[in-house]
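Here come two complexes built around chain A, the first alongside chain B, the second alongside chain C.
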Partner chain A sequence: MSYSSRVREILQKTGAVEGDTLQVRSDGHDHIGVLMPHHDFSHPDVVVLKLKSGYNVGVKVGPTSELTVVSKGSTREKTAREGISGKGKKQVAVLGTGGTIASYVDYRTGAVHPALSAGDLVATVPEIADICDVRAEVLFSIFSENMRAESWQRIAEEVADRINGGMEGCIIPHGTDTMGYTSAALSFMLEDLTRPVVLVGAQRSSDRPSSDAYTNLLSAARFIVDTDAAEVVVLMHSTSSDTSAAVHRGTKVRKMHTSRRDAFHSINEAPIATVDFEGPITFQGEHRRRSAGKTIARTAMETNVTLLQFYPGMSPTVFGSVLRNSRGAVLAGTGLGHVSSDMVEEVRKAVAGGTTVVMTSQCLYGMVDMNVYDTGRDLLTAGVISGGDMLPETAFVKLMWVLGQKDDEKSIRELMTTNLRGELTSRREQHERA
Partner chain B sequence: MSEHELTCGLEIHQQLDTKKLFCDCPTSLVEEEGATFQRRLRPTTSELGEIDRAALVQAEKRMRFRYQAPPSASCLVDADEEPPHCANNEALDIVLTFAAMLKARPVDEVHFMRKIVIDGSNTTGFQRTAMIATDGLLEVNGRVISVPTFCLEEDAARKVDTKAGEITYRLDRLGIPLIEVATGPELHTPEEVKEAAQRLGSMMRATRKVKRGIGTIREDVNISIPGGSRIEIKGVQELRLLPIYVEKEVERQRSLLRIREVLKERKVSRRDAEVRDLTETFSKCPSKVIMGALKKGGKVLGVPLPGYAGVLRSPDAKLRLGAEMAQYARTKGVAGIFHSDELPNYGIEQGYVDEVRKTFELGPQDAFVLCADDVKKAEAALRAAVSRAYDALVGVPEETRDPLPDGTSAYSRPLPGAARMYPETDVPPITLEKERLDRIASNLPEMPEVRTARIASTYGVHEQQARQLVRDGWDDLFEEVASSKELAGTAARTLLSTLPELERQGVDISKLDESTLREAFTALSKGEFAKEAVPDVLSLMAKGKTVPQAIKELGISVMSTDEAANVVSRIVHEREGFVREKGTGAVGPLMGVVMGELKGKLDGKAASDLIKKEIEKLLSS
Partner chain C sequence: MSYSSRVREILQKTGAVEGDTLQVRSDGHDHIGVLMPHHDFSHPDVVVLKLKSGYNVGVKVGPTSELTVVSKGSTREKTAREGISGKGKKQVAVLGTGGTIASYVDYRTGAVHPALSAGDLVATVPEIADICDVRAEVLFSIFSENMRAESWQRIAEEVADRINGGMEGCIIPHGTDTMGYTSAALSFMLEDLTRPVVLVGAQRSSDRPSSDAYTNLLSAARFIVDTDAAEVVVLMHSTSSDTSAAVHRGTKVRKMHTSRRDAFHSINEAPIATVDFEGPITFQGEHRRRSAGKTIARTAMETNVTLLQFYPGMSPTVFGSVLRNSRGAVLAGTGLGHVSSDMVEEVRKAVAGGTTVVMTSQCLYGMVDMNVYDTGRDLLTAGVISGGDMLPETAFVKLMWVLGQKDDEKSIRELMTTNLRGELTSRREQHERA
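After this line comes the complex of A and B, so read on.
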């Protein structure tokens, strides 16, 4: 809610703007404080004042209230901070994209702003200069839910450019909500990757003393400088403790909790590595090593691809047309990869009409197997491609990318069922479920 | 400026008896530890690049924190793993009720803030707090004191362990709602501070929705004297010690002002600390502290303090700047420092003192300090100590101090600066609608003075007693156990006289909480022992005995009337001559004999009735 028209008029008439010291007199009582931004959920007649004690209070401006500006606030120009550097150390590019990790709070107003420069971001972590020579810049500053294929393409191109320009690797601060999609997209786009690309986020904003941003950022820098890995990975806390971070393969990682620090999990495989905040970096299983040569960004993507989660009673009329109107579709089916028989019929029609349909499971853990039950066999007959143990989101991004690279059904099917970037695993071990 | 020799303000934190402020957890402290996790906190730069100075001091300690998360009393919100829920409405109502009782003005809209606290006691690194009302008034002994602010905030986690480099907290206490209320700096005697605290306490308890017992109310007292500075003694739990903290702090500040005069006369001025490695000099020193430090690879460092002889510790012990310096040094992780006013001592003989004086070329008015520890720690400690020494040139540094059990206090950290708060954007503001305020205004609880009058008239206790019961917070328990007029008298006497009496005798009455006392009164009302035995029963209960155990140990189970009559009859017949001579006049003297034999087993009035009856029987036979 914004101000009521009355309060807006009063503020305009008195020329009061945020940062000014106001006096509001109501029923013979005075409130004096600095005008703060109006809160979305504040009463429309309320102005928020910061009292001398530091507390904010809401003061109602009634019809008989008198509002005067006691003194004008000083305007403070926010100057972007220079990126600090660790001269002589390995160079690491930090490419800011937005999100909690890259936002800062205006302590005066409490408003959360995107960091103006990636320098702002790393300047709050001066220790990073002990690890590497940071080359920071902001590509864009958006909430991760507003990312689109173009965003992924831009990041991939910039990353390839930096790596080919001699950087040891790239750190990409990213909003956590869709970090798994971006990491999958970069994984597919960056063929022949010669250096590591680490997406890093924070579940607690960096204005808080308890923020996980610092430790995650520092660990990302260490992972780039101290290991031989050359993959697209996501690095986040491995537990609720500030003791270690897990490094997840970009195609296998999923946000599994709305708010915990250890929200990110590798699904159907163990994380690639663990970074002990005060100890070594330990690898588990295989990882792609660094190589010489050029990193190419193949960024073409088909954006007319849908991701649908099946649910009991899903309407064939509504979603049949969605399937038919999409170039590709990924279904997150039930169990081993099923949808209702009336949806099977819609899938058959869509495939016949030229839509590529890939089946994954909403169970997330485990593999799709459409040979076990009738419905599965019907789906295979209808022309559905099995997504194996791919995450629905990864299959979705992969399908966009594959359809961007190939037109013919045979190549598409072949690429979708071939493990390109670790997205398909053939073995799942007993302990790999969270 | 002030005409007063002493100016104090009080800040009281009282736990509320609701669920937690920002989640649905219960608010009781638990024994279980639950799973643990570890965190670090880090001071954050504000937009201006300023870091709060109190926050920085904490960060320098480089503490790591471990948290115990008992599942019955904490959840993801307490672990800083889930955003806070909306503020608890019942807690807000209690603060509004208390504010209305003090005729304060509620704000129109409540906005929660984050107050930076990075000692680990809050998993977030800040405490959530909101201003609820302003401009209240409190009457203390006929004088009206202003109560400018009424806040609702969350309690901090409970410290359960401290060891090298790591503090462990339990999350059960974190998030319990607190009323935080502050008086204006208008209290001018130590007694007045105590009375204001008692008055605020009884007003809060009148809401019937605050927690009771040790640790549920904590007082901070701000103390200043003319020429001194504002000192905050934070977290006093024992109300009766309040006046003593105030007195001792006045003494301390006066002594610091005298020290300033001495230093001024000597024309001492601040200079850089000249830290020197004296390890060589002390390599054979028999001092245990020094030997221990050197064995571990540490060093002995020293700093000269020209002009400071005699103020670090004067012969009459009235000037004790050295103690203040040591408290600053300890914040750097060392066990302590040595200063020249206390040497030779602690195994450091005169020869070593002379040697150091020679090294630093010190005159008779000059002093020095030493520290033996890991070289980094020792240097940081000495720098802190010397900086404190030079602060004495200005007078009394503003500080937050910890209360100690003996009524003195120790340096804890600098007074927090002003840049400590920014908005809690995760909690929506709460507009205080007229309907809500009207509902609260029309349902105000019984005020303490009304309750006093009612207790006096209902239970027939003296008004003075009734007032004391309410003031000391015994009124609830009293009303609960005073089921008859006689029991009311006993209960009042027990709570107001017997307990202090027992304490004077050295009984640990803190063990006698409300439920223990309730147990004793219940047994008393059932006639399981006589009221004369109350003090003995309670002193045993203070040692952990149950009522039946106490009765058994004292051998005082109440006798049946028949049994008692037999004893009385025997005593009367044994003294037949005396009884025949005195007639009913023998009742008084015989009371002593009877009660001597039946103490605690028979009520006094019953005894006197029995004696009378037996005497009459004897005389008429």
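After this line comes the complex of A and C, so read on.
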């Protein structure tokens, strides 16, 4: 969707172009900011202004609205648009996966502004050029909920390529819906990771005044340039106010709210770091550090893996068949890892037929322990693998990856019960934290 | 499992019987407490003592252990065992659903001590006789994970019967694994509820020193006798320490930790009340109050309802078929309520074929809003019903119940989108809380 004829006319009349600072009076309110590119997601009557605070605000231009050019676009923004800003600083790759980033972002809509250049990005968030030399490109543009194994494979390969090619790290703007699944997938696929990979998203699209796109993106750049971390992480607001971001381990993070800016939580551990928007980056606990060497993208995945939450009355007929027809299945059982007796029997049959079944808990917090109650012991006897304190989603992604790497049951079981990327906390560590 | 010959011999030799206060020296430690009944879940070498603190502790009797009778069982416990304690106080029904309660509890094991009498209960938690006149019985004994629609129906009918028969309220000891599902089911089934129904459980079985069975049970009795509430609620510890219990609305509560005593959380609202173990009961927000009239158990349920979490790569072939073969299905989509494009198509086909499909969010917190993005709008066009801020589990139980009550699509949609038992918070209320 492009501008309405009303907006086109008023822009032409005043000679306003992107990068200029405008004053827009609308409904009795004045808004002053830099005119940002219009994107298809926006309403045709809305102009997007970047305020001094860094936030973008969408202002609706009505019949009585007045628009004046306060100042023409600065040289900095023009040079930025030509991609020469940030030169001499550390290079950071920005690999777009769907929609666009920064001011264009709604991170989810693939339709928007498909060819994002580094220049566009720097023009949108010019402060990033003070931090690093951005090398941005769009890998693909799909809705976050349409991400799947092939998407993860493509991202992992491109990340390994950029890191081995000398980039200081990668920023992956990503729709928030499935960001936790992707961060887990990249965590397992990227072996011997030597540099940080930071997934960022926004819970508010950037044409809304409270967008978190801007601060999350800048914080990601700072995290890459200013720390020694070399993990796959998700960086999102840590509170509902605009003060700091939390850096979550890619295998321990889950979207826990549909709309809050601090929707992402580390489950069963603290975030590995906090980025104060106007202060330092503080680490908590352990993190993987940078190293020399080559990052390997080991991306093979078994896609015939199923994730099922148990619930009362779950049909053994229907889901027994689903289990038997899957190469692998992750169950989110109740409590310490239980399902009903009739499902235990179906699980037993499925495992006997060659399905790898891993148990996690729908409680999300805490860890599976199938040694406490009879049902758990029956499941262990049936051959179910304990998922420990892994998130159901992480166990699902890990199982896809493990089954892509290994064929024999012994290796599969061993890998699933070994902590590879911080996804599994030992019982002792859990206890010490409780 | 009964006592080992070693324990049987030492009990015989000393003449110790249940109700006597014993001192047991084992591994250099002294334990003094009242000998509790042995149950099948306990180790054959373990005697269970009720300490002065109210907690039960299991003490292993080894070859070198010494056991002496400090004092014979008190008259109070003897009279309690005959069921005459608490006389003259308000009557409270305790309806066991699986395993046993209080000192016998492991709330989950059906095998244990199947015929629990009121006397047994009062002997186990004698303090309850200071609060109310307990009328306890065991409805059935099944593992919590084996609960299903028939179990909920039976409980609802018995509850309505007891309440209409003059009981001040009902306590339902229940395994914690599926307690949230049962509390939702009872909430919908019990219409015009005039008295409180309190589900209680324990995260630590009562032969462990830190069991929460005792305090949760006493708090449930206090909540029934001392307040004006008339809702189905879950009462469990509110912190990991032993200070207070939270009273959660039956449709808003979820088990969020596999093992912590404060595993249960109200989602998208605060608990309706807090019971300080040594202080007052404090209400937050609104609650339903007692009334005269008759409580109706409307228990019909459609059991062909499926609960599915969407995940990347979910097979449209497999789950399209599952959807089409279900009378109703609740999806836990990503974010604001999304699934992949290929699953949208399967949902459309299923709805067209007569399946009622309700969307919730796997985020758990927040509310579904399918008007924000294209995928959501496609799902609405396909005929999907928004679950608002309902928990996936609550929406699943509600859909079973609604489909049991109504046949026509219009009534089903209207009931699913109407707040019946506090399960749905309006968007405005959500906003005010955020």
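Methods note: the second predicted complex is superposed on the first by the 317 of 434 C-alpha atoms of A that agree within 3 Å, B and C clash if a C-alpha of one lies under 4 Å from a C-alpha of the other, contacts with A are read in each partner's own complex, and residues count from 1 in each chain.
FYI, a contact is a pair of C-beta atoms (placed from the backbone, for glycine too) under 8 Å apart; a residue touches a chain by one contact, two chains touch by 3 or more.
On a predicted model such as this, the values are computed, not experimentally measured, just so you know.
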Touching A:S259, do we find chain B (first), chain C (second), both, or neither? both
Identify the partner contact of A:R135: answer first if only chain B is touched, second if only chain C is, both if each is, neither if none is. neither
Using the touch definition from the top, say if A:S240 reaches chain B (first), chain C (second), both or neither. both
For A:H174, decide between first (touching chain B), second (touching chain C), both and neither. neither
Please work out whether A:H248 is in contact with chain B alone, chain C alone, both, or neither, and reply first, second, both or neither. neither
So which one touches more of the residues on chain A, chain B or chain C? C
Applying the touch criterion given at the start, work out whether A:V48 contacts chain B, chain C, both or neither, answering first, second, both or neither. first
Contacts on chain A seen with chain B and repeated with chain C across the two complexes: 108-109, 240, 258-260
Quick check: in the complex, which residue numbers of chain C touch chain A? 108-109, 143-149, 176-178, 181-182, 240, 255-260, 263, 303-315, 318, 322, 325, 332-341, 361-369, 373-375, 392-393, 396, 400, 434
Looking at the complex, which residues from chain A come into contact with chain B? 29, 36, 39, 41-43, 46, 48, 51, 53-60, 76, 78, 104-112, 124, 204, 206-211, 214-215, 239-243, 258-261
Mind pulling up the chain B residues that touch chain A in the complex? 37-48, 55, 76, 79-83, 105, 107-111, 113-116, 118, 123-126, 129-131, 135, 149, 151, 418-425, 428-429, 431
